[in-house]
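Sharing a structure with you now.
In order of appearance the chains are A, B, C and D, and numbering begins at 1 in each one.
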Amino acid sequence: MELNFRSDNESSAAPAIMAALAEANHGTAWAYAEDPLSELLDEAFSDLFGTGTTVVPLSSGTVANSIALACVTPPWGSVFCHRTAHIYNDESGAPEFFGNGLRLIPVDGAEGKVTANTLKQTIVAAEGHGVHSYVPSAISLTQSTESGTVYQPEEISSICAVATEKDLATHLDGARFGNAIAALACHPGDVSWKAGIQMMSFGASKNGCLTAEALLFFGRPELREKAERLRKRSGHLLSKMRYLAAQLLAYIDNDLWLKLAAQANQQAARFSYEVAQHPTARLEYPVHANEVFVKWTAGGFAKLEESGVQFLVWPGRNDLARFVFSHCTSNEETATLCARLAEIGDG
Amino acid sequence: MELNFRSDNESSAAPAIMAALAEANHGTAWAYAEDPLSELLDEAFSDLFGTGTTVVPLSSGTVANSIALACVTPPWGSVFCHRTAHIYNDESGAPEFFGNGLRLIPVDGAEGKVTANTLKQTIVAAEGHGVHSYVPSAISLTQSTESGTVYQPEEISSICAVATEKDLATHLDGARFGNAIAALACHPGDVSWKAGIQMMSFGASKNGCLTAEALLFFGRPELREKAERLRKRSGHLLSKMRYLAAQLLAYIDNDLWLKLAAQANQQAARFSYEVAQHPTARLEYPVHANEVFVKWTAGGFAKLEESGVQFLVWPGRNDLARFVFSHCTSNEETATLCARLAEIGDG
Amino acid sequence: MELNFRSDNESSAAPAIMAALAEANHGTAWAYAEDPLSELLDEAFSDLFGTGTTVVPLSSGTVANSIALACVTPPWGSVFCHRTAHIYNDESGAPEFFGNGLRLIPVDGAEGKVTANTLKQTIVAAEGHGVHSYVPSAISLTQSTESGTVYQPEEISSICAVATEKDLATHLDGARFGNAIAALACHPGDVSWKAGIQMMSFGASKNGCLTAEALLFFGRPELREKAERLRKRSGHLLSKMRYLAAQLLAYIDNDLWLKLAAQANQQAARFSYEVAQHPTARLEYPVHANEVFVKWTAGGFAKLEESGVQFLVWPGRNDLARFVFSHCTSNEETATLCARLAEIGDG
Amino acid sequence: MELNFRSDNESSAAPAIMAALAEANHGTAWAYAEDPLSELLDEAFSDLFGTGTTVVPLSSGTVANSIALACVTPPWGSVFCHRTAHIYNDESGAPEFFGNGLRLIPVDGAEGKVTANTLKQTIVAAEGHGVHSYVPSAISLTQSTESGTVYQPEEISSICAVATEKDLATHLDGARFGNAIAALACHPGDVSWKAGIQMMSFGASKNGCLTAEALLFFGRPELREKAERLRKRSGHLLSKMRYLAAQLLAYIDNDLWLKLAAQANQQAARFSYEVAQHPTARLEYPVHANEVFVKWTAGGFAKLEESGVQFLVWPGRNDLARFVFSHCTSNEETATLCARLAEIGDG
């Protein structure tokens, strides 16, 4: 049995999402996001978040993050983010491209998290001298983080308080937001707008959709125009936006997104329990959501790979590996993984 | 009976495309275009075109055009295109965005077509004086054109000969390429690489797909790297590219794209015949593919609209309207349209 | 005797400007435009124009034009200008570079001038459809024009009225503004802020300075910050800005700029009189300032060149040539030119 | 007696440079760098460096650095530099602007210097994964450094060897290159092209010129065209380039640049000796060129300021201050500074 825990990006789409696509595929519909499904998005997300929400549907998390940051950051502005952030490491400069040369400034922090204190120090160190320096303009957090941990509402609030003090806009990269909310069992507003977040990427592709993401603005409707201009100029205003809207609406309907995320999280929890019992493997970070980082021997990882398990040995680190669980990871697959780990023993 | 001839952008997807999506939706697959379906694309399109073809799948025609042009044009280079071209009028500066400030220079021409002579004159007039001027760098043609006409192979060859003489790269915007090939009943290579075209946007969304397009390079494989970098930086490298590949493969399998286009073209031909018989309505341009431009009275158009027919009255012209037919326009719909036009009489 | 009428760009600097440089060259002075001379600029130009004026000193007209336009035009905005404008033909896309891909749209018009009517028609034709199209954002006029003509105050007022109606910002490229004011014998405000111009490039290099230009804002002080950011990011905030300020202050002191321009204009007038008397040479445009465009035979121009006179045969036109007169053209040089033209006779 | 040691940017121009300007100011000369003086530059600098050198004269160090880096770095490329580098801290993103969103990656290192080892580690950590990551593309060193130290030839060689191994282009920011060469008493080629440097900014404004700098390419003449395009598009191709050329030619004629730098260095050496003798003040870094960083008490610095001495208390550090000596610092001024420091005693 081949088992794949490389990334939730490799999962397939949920049946309900496929059904929604099929249902949307009847008759003609206005192009360029003027169709009836697209027009339901603002209300649907406003209901979900419990506040007025502006929705700009998009095809990838990279473009959602980049447009958000470009909307609030001048070319001579800087954006602060954790050193492991996707926008800093994995988007090949998309924020810099959309933002016409804005600068990302990495912030250090344990377990993938920015803290209010470190953020403040990093901002102060970057403030510089007038026209010669970048202007601190935005902070971007990732929820759940790139280390598989989840920010508590009060952590986000304290970070956003620093942002407010320093006049920075606040952004959340929610590529795995569903996993975070399923883990926190809180209202989605608690770690977004209620905590001070002004805009976010609402991830959907990793958790059951095909190619749909959404950029959300809370209480800043004036940013919609700039976002829509950037969407058009970057080729992301598709003619048949109804197929994105259909995915997004089905994704949040009847808590589907949370059910899918919960399935993924449960598998991760199950596996993390196994790792914790293991004689030599160790958890590198607390497991809050659907990612498990395991510290072990290179030999142990090699044996696990030979047994038919796929996962990501961390670049530059042969003693660390990431296992990601998705909505379509079955209980049986996880059980098999656990059994193989146990079997290999001390590596 | 409501009838919609506003745009083929408003059509739904073909059943075979939906089936391909469903079939692709099993198990896990490598992300970011390293999946098995994506890896079939180069060979499938090379077979279709009869020459080595590099395929970069994308989500919209706008991004396909923009990346193509940015690959061959420096920021201080200019791109020539027909004055009615989509890249000039309908992409809000996407080519300028991807090309970091390149310039589009419109070329005049009857029936939506650039001619070799006019192109040459326009290039010469733009050549300027050294470092002070933009450098003529590329020509972009549209097939079928924005006026619903189709270039013959020898027309494209003669234009590409000018390009060669002036050291310009050659691009084809093939948003309705299927309609052109169905109309010409020629090999797709005859109006592309054999005629001197180096790269093209292979349209699919208007003719049966959901959100898939492809950027093709003929004989210039060295451009792939730059194209893929721009795809990533613009947020168009989706995590689940298999869903684009599945659409594209099904689209060209067993001539599906030509069958769908032929259905659209036949409806347009049927309606153009009706217009030609009409006492007062006139065809503005020859009808070669799936678009019909009708010159008539404002009153006539108003009555047709009141009868439940939707179409595009041309911006700034109340005596001109565009009717577009798609792969899902039925014979019955076209017959009804024809009957209503005839019924209204002289408007 | 060699005579050079190719361009006022080739003239040397006026003695008073050199003297001002020498005077500024004592002791230390704060860098980056915080020196005492730089701090005099706003007041000096406000006095000159009779209204509150914000001055951003720069080194070239190209950068002054480009920063001005970028301050008021989003990347998806368009700027209207005469088809012969320097920003359109001679700046290799500097406005597009500073403006991150904005678009210039040429306006036709006789004698180098935009008219209110043609401008309005061109704007209306460019308005397009929402997010798919560039947004008309600014108009740029050239005074004196690239054809050597000068706009009257009421011409500029009527154009600015169209701009106001269409919500466009207004810019003047004043590379030869001194020549225009010397010709009009009006107050410099009459063809700038009083006529509706919001910002302008105040040319100085062509008319007696070494490398100094100034970007002026009338009544829009909020644009200073963006302009100064762009100046810094483009490498135009020199460490020793005092040497630019010194030139600019001397240039407007005691009407020096108008005296220099008057000298140039008088020479042009003298020569245009000679052309008007000539049996076969003709004036292509009215001569208002310091440029004379002559229509003649290719043979005539060749003989004149052989006699030791340098001028610009127009690119692509062997029957048209431009003669430019500068502040350092002597009466004797002009007299010699006139004599040689007369001597050659009918060419 | 007021004494100013804030920055060599605040110094005035050397008499020989003013004389050269005056001498250049006769008659007409072709515009846009086609004048006879501009055409001497390549040969003059080739002679100075002892190798074929391509010269692009410019008005500021910021634009020279930015164009150099943009010539060798794609938008998706990264440039490594010391954490204190001017390009990283003081140019407000000019490299990012010219480079269309390239990324600067800071390298740590004592005394303002990058080491080969640390550079290599930083590059390896940044290499990332294919299209998702920036491509390491260039290294930029500063000579003399922002800490007032000077790289030895073998230090630069070893860094350039890493660059070669990793396929990075090599750039030197020589804003204070004259001070470095005067200190090293070596041939200018020894710490530039002979050590592996491919391009450099040859600083002149800080050391006796008014507003002149030069971008130099060693052995890469193919980069001239791109550099000249960027110069034009950024508004740095002045019409009267002869005034830049005149400064640069006079600056390197008869070793003027080294004589001026030596005067500055000697003053710094004199003061550093005084600091070394002082009971409580300390040198923060070795003093190799014309900058002295002093660690002392806030009270001591305050007393020195009260005595009429101006210098830069380091941002965010009240126990550190920078004193910069220039070509026009007199022996008497330095003696007075030393006396005042001694007088204040232990602060």
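What we mean here is this: contacts are C-beta pairs under 8 Å (C-beta built on N, C-alpha and C of every residue); 3 or more make two chains touch, one makes a residue touch a chain.
Note that this is a predicted model, so its numbers are computed, not measured.
Asks: Count of steps on the shortest touching-chain route from chain A to chain C?
Replies: Between chain A and chain C, the shortest chain-hopping route counts 1.
Asks: Measuring from the mean C-alpha position of chain A to the mean C-alpha position of chain B, what distance in angstrom results?
Replies: The mean C-alpha positions of chain A and chain B differ by 35 Å.
Asks: Can you compute the centre-to-centre distance for chain B and chain C, using the mean CA position of each chain? Integer Å is fine.
Replies: Centres of chain B and chain C (C-alpha means) sit 43 Å apart.
Asks: Please work out the Cα centroid separation of chain B and chain D, and write it as a whole number of Å.
Replies: Computed from C-alpha means, the inter-chain centre distance equals 52 Å.
Asks: Which residues does chain A have that touch at least 2 chains other than itself?
Replies: Counting only residues that touch two or more other chains, chain A contributes 32, 75-76, 91-93, 97, 100-101, 131-132, 229, 232-233, 237.
Asks: Can you tell me, using the touch rule above, whether these chains form a line, ring, star, complete graph or other shape?
Replies: Drawn as a graph, the chains make a fully connected set, so complete.
Asks: Which residues, counting only chain C, touch chain D once they are in their complex?
Replies: 4, 6-7, 9-13, 18, 21-22, 25-32, 58-64, 66, 91-94, 97, 205-206, 210-211, 229, 232-240, 243-244, 328
Asks: Taking the complex as given, what residues does chain D use to touch chain B?
Replies: Contacts found on chain D: 32, 74-76, 100-101, 131-132, 228-229, 231-233, 237.
Asks: Quick one: which bits of chain A touch chain D in the complex? Just the residue numbers, please.
Replies: Chain A reaches chain D through residues 75-76, 89-93, 96-97, 99-104, 124-125, 128-129, 131-134, 315-316.
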